[in-house]
Amino acid sequence: MKKLLKIENLCVSFGGIKALQGVTFDVEEGTITALIGPNGAGKTTVFNCVTGFYKAQSGQLEFEGKSHKVDISKLLGSTFHWQQLFSPKGLKDWLRYNVFGGSHLVAQSGIARTFQNIRLFKDMTVLENLLVAQHQNVSKNVLASLFGLNSFTTKENQALERGLELLEIFSLGEYRDRLAGELSYGMQRRLEIARALCIHPKLICLDEPAAGLNPNETADLSALIMKIRRDFNVTVFVIEHDMSMVMKISDHIVVLDHGKVIARGTPEEVKSNRTVISAYLGEEG
Amino acid sequence: MDSHILIQQLANGLVLGSTYGLIAVGYTMVYGIIGMINFAHGDIYMVSAYLTALVLALLGASVSPVVALIVAFVLVVGLTAVFGFSIERIAYKPLRKSPRLAPLISAIGVSLILQNYVQITQGARNQAVPTLIPGGLEWNVGGGVVGITWVQVMIIIVSQLAMGALTWMISRTALGRACRATEQDPKMAAILGINTDRIIAIVFTLGAAMAAVAGVLVTLNYGSFDFSIGFVTGIKAFTAAVLGGIGSLPGAMIGGLLLGLSESLFSGFVNSDYKDVFAFSLLVLVLIFKPSGLLGRPQVEKV
Amino acid sequence: MSSRNQLMDYIKQGLTTFFLSFITLGPLAAWQLQGYEVSGSILRAFRVSLALAVLRVIIMGINSRRQNNKREVKGLGLHSKVGSRSLSGIFQWENHNQGTKLLLSAALFVAVIAPMFGGNYALTVGITAFIYVLLGLGLNIVVGLAGLLDLGFVAFYAVGAYSYALGAEHLGIGFWGAIPFAAGLAAFLGCLLAFPVLRMHGDYLAIVTLGFGEIIRLILNNWLEFTGGPNGIKAPYPSLFGLEFTRSARIEDGTTFHEFLGIEYSSDYRYMFIYATLLLVVACTIFAVSKLKNMSIGRAWEALREDEIACRSLGINHVTVKLSAFAMGASIAGVAGVFFAAYQGFINPTSFSFFESALILAIVVLGGLGSIPGVIMAAIVLTVLPELLRQFAEYRILIFGISMVVMMIWKPRGMMANVRGRLKVKPIRQSAKT
């Protein structure tokens, strides 16, 4: 199968603490890949690197983007080398990525994400949350919008239709004019996933989507994740602590501990892996 | 360049910087503990200058200068501390859980209130205090005279003492420990039984008291002031706090001294009309290129 | 709770307020500095503190009554369910409720007919009010929508005013040329300022913009050769199709407005002209800003205010979005500056002090962050009210300050909170009936 995301030898440290020490694994296209590990293993750090919020000190992050292959760390800008002064292209790239670069380019290349502690636009309505996410697709021509030109309204209507459609799928249709902050916790989680899907991603990264949900809601969420993988043709990359959910939905599991990958494989392989058991239960095993 | 002018400017800068450092303490402690810029802090300093003049005028010539000085110090610092406490209680405490912009806007409101209140009660004109302690030290350096008044000597000594006392309090006493705990994690500190509201009130009170120390000293030194001095001095003291690294006490003093010295040299040797522009530009540049300052901890963006 | 306890509480709070205000505000109220002497007596301190204590108790009383009357109205049933599941149709945003629409139209009507009755004085008050409406709308984009607290907004206003005055003197730019010129220059400066502050948040941004505003003012004040320094600079009166509104033409062979129409000269025509043009500009700005709010860029501004990190995770370039907010707000302020200069005929740096920034901020905050009708109302109230209450002129700033604090505590969303757009779907009518 095609590798959608290739992570090679990723190293990140904060101050003196080494959060990631040479993490290497791939996410294959069309799968649901789970990243698990004890607290503080560095799971969210991997996510933040993949989605461009942290810059790795070293290592490769390659993503098969919507149009072409993307080197994620390059999008975040780099330190200046004096040689760049002599190559116009190098200088241009440096300027471009250091001034205009950043995590939004990663998102534009096709990686969407949700957050551990939900980050919705709480004072905006549910529907507006989804419209913001389609910022890239709607017409930004100010004049066209002022005079209500066709080119503007068609695009705008397409965005509205997609938003409404997603709300139906996520059973949030009747709340579209509510403020996002007023929704219940479970709905907010769903809305955040719906919003991430709005940017037409190839890869969607879910950071502990089941945290704080009850068993029923977790089961619904599992079904929903399977559904979006099928219907929206996205690859799902998920961090989750709920093992029953992970085992049920994922095709591939990566286990992280102390900033290192200690095991990879199918749920069955991981379940019976001795290192994994000892990492989770302590060193006795 | 004449060496005596240079030395004179350095001395002036030292005096100026010490007062900036004292005022900067209020900004840096408040920012450290609740993460807001107390925009009205400069105006608290301004109020303390007026209180100094009032106390001195009420005492009149009936008492000796030393007694007048001590009484003025105690009264003004005390009154201003209560001022800081009251402002926190009225304008900031109810906003503890509001969006980030709310306390700042409220602080701007307080700043306007203080300025206008003083303007209404005392008039808009320049005010002055008599010279309390005349004389000073003089040296002959390289063909010129370098002078420093007793009041200026006092400014340098008192500000260092006040800073020392405060630093000792924060780093050694139980109260200081509670302050630092609240700064690190207010919620956890509250769970452990620290009355965080009280700690925050104390920090505001201490900050106001330090500004009052500066207010008394500067008023005695310059002799004249008006209701608008708080604004520019406030921004400069904030610059000092940022320069030294916001949240750090020694940083505030170092930042104050650096700013005072560089401003004094700039106005002595480059252009005195643009000395405020210089200070503001320094603020902008530091915030852009090294927002963590000299001694501050860099902030990591939390995702 | 027993009424006895309540009474004790009232007394306690009243006494605390009395003592605190006596200690803090008392000395300044009691004695006035007269040179090295003081005059006055402690009696005034008593009066001020007593008044505040009484006020405190009254506020407590009102608060407790309000709490008793409050019923649970939380959640549920706020918005009716949408019956139609149809996803296609004609989409329409409803931004304001009927009341605000009516209010806006009424305000517009008054604005159009007022000059017919009010005369010269009403015109000048109206012009000032409109200038502040423009400034409020501009700052509302930056602070209210994009959530970037800009305390140096007055700098762009100054840039607009000076670019008209200096442009006329050095480049020969007329009134009509100055409007786009000032808007462009201010927008450019807005971007220039925004670039370094992009990575800053909240408070730091506020201080840097404040520093920037002061730097601009100090340069205007100190650069004598170019700006005239504290003495200011003359700005030419505006013209319409080359017709001037002066008593006699300044340029040779020029025609003045009253000569062209063959009427008596009156300075009213100039004010009327500025008023009418300004009204047009204000109307266009209101229209444009309310359209922008429902566009992708407006939504991006608000989303950025809510959560910058989430914005980035959705592929929104926070750099350009912030730049556009700064540039848009600045250009509106620039236009306001041109009108100010044209109306005053003379400008100097004192019109562009920090206090002016604080006043514009007060307009945005009191009106309701992000709310267009709120900002318009607040601008008009804050400029017209001081005119009506001339005898309290010295308390003006005090009242601004108090209302800013009270507003933040009592109603942080302002008098007219920003109304969220609600989507109406009008189903397309089926042609074939079954």
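Letters A, B and C name the chains as they come in the text, with residue numbers starting at 1 for each one.
Note that in this section a residue touches a chain if its C-beta (ideal position, glycine included) is under 8 Å from a C-beta of that chain, and two chains touch if they have at least 3 such contacts.
All of these numbers come straight from a predicted model, not from anything done at the bench.
**Q** Report the chain closest to the protein's overall CA mean, measuring from each chain's own CA mean.
**A** Per-chain C-alpha centroids compared to the overall one single out C.
**Q** Compare the CA centroid of chain C with every other chain's and tell me the farthest one.
**A** When every chain centre is compared against chain C, the largest gap points to A.
**Q** Could you work out how far the Cα centre of chain A sits from that of chain C, in whole Å?
**A** Centre-to-centre distance between chain A and chain C: 40 Å.
**Q** Roughly how many whole angstrom separate the Cα centroids of chain B and chain C?
**A** Chain centroid spacing, chain B to chain C, equals 31 Å.
**Q** Based only on mean CA positions, could you tell me how far chain A sits from chain B in angstrom?
**A** Using C-alpha averages as centres, the distance is 47 Å.
**Q** Which positions in chain B are in touch with at least two other chains?
**A** Where chain B meets two or more other chains at a single residue, that happens at 301, 303.
**Q** Can you pull out the residues of chain C that are in contact with at least two other chains?
**A** 309 - these are the residues of chain C that touch more than one other chain.
**Q** For chain A, write out the residues touching at least two other chains, lowest number first.
**A** 53, 115
**Q** Spell out the residues on chain C that touch chain A in their complex, using ranges where they run on.
**A** Counting only chain C, the residues touching chain A are 75, 78-79, 81-82, 85, 87-88, 91, 287-288, 291-292, 295-297, 299-300, 302-303, 306-307, 309-320, 420-423.
**Q** Any idea which chain C residues touch chain B in the complex?
**A** Per the stated touch rule, the residues are 20-21, 23-25, 27-29, 31-33, 35-38, 143, 147, 149, 151, 196-197, 200, 202-204, 206-208, 210-212, 214-215, 218-219, 222, 309, 354-355, 358, 361-362, 365, 369, 394-398, 400-405, 408-409, 412.
**Q** Write out the stretch or stretches of chain B touching chain C in their complex.
**A** 31, 35-37, 47, 50-51, 53-54, 57-58, 60, 79, 82-83, 85-86, 89-91, 94-95, 98-106, 108-123, 127-130, 231, 235, 238, 242, 273-274, 276-277, 280-281, 283-284, 287-288, 291, 301, 303
**Q** For the complex, which residues does chain A have touching chain C?
**A** It comes out as residues 51-53, 99-100, 102-105, 107-108, 112-113, 115, 119-125, 127-128, 131-136, 138-140, 142, 145-146, 156-157, 160-161, 164-165, 168, 173-174, 176-179, 182, 195-196, 198-199.
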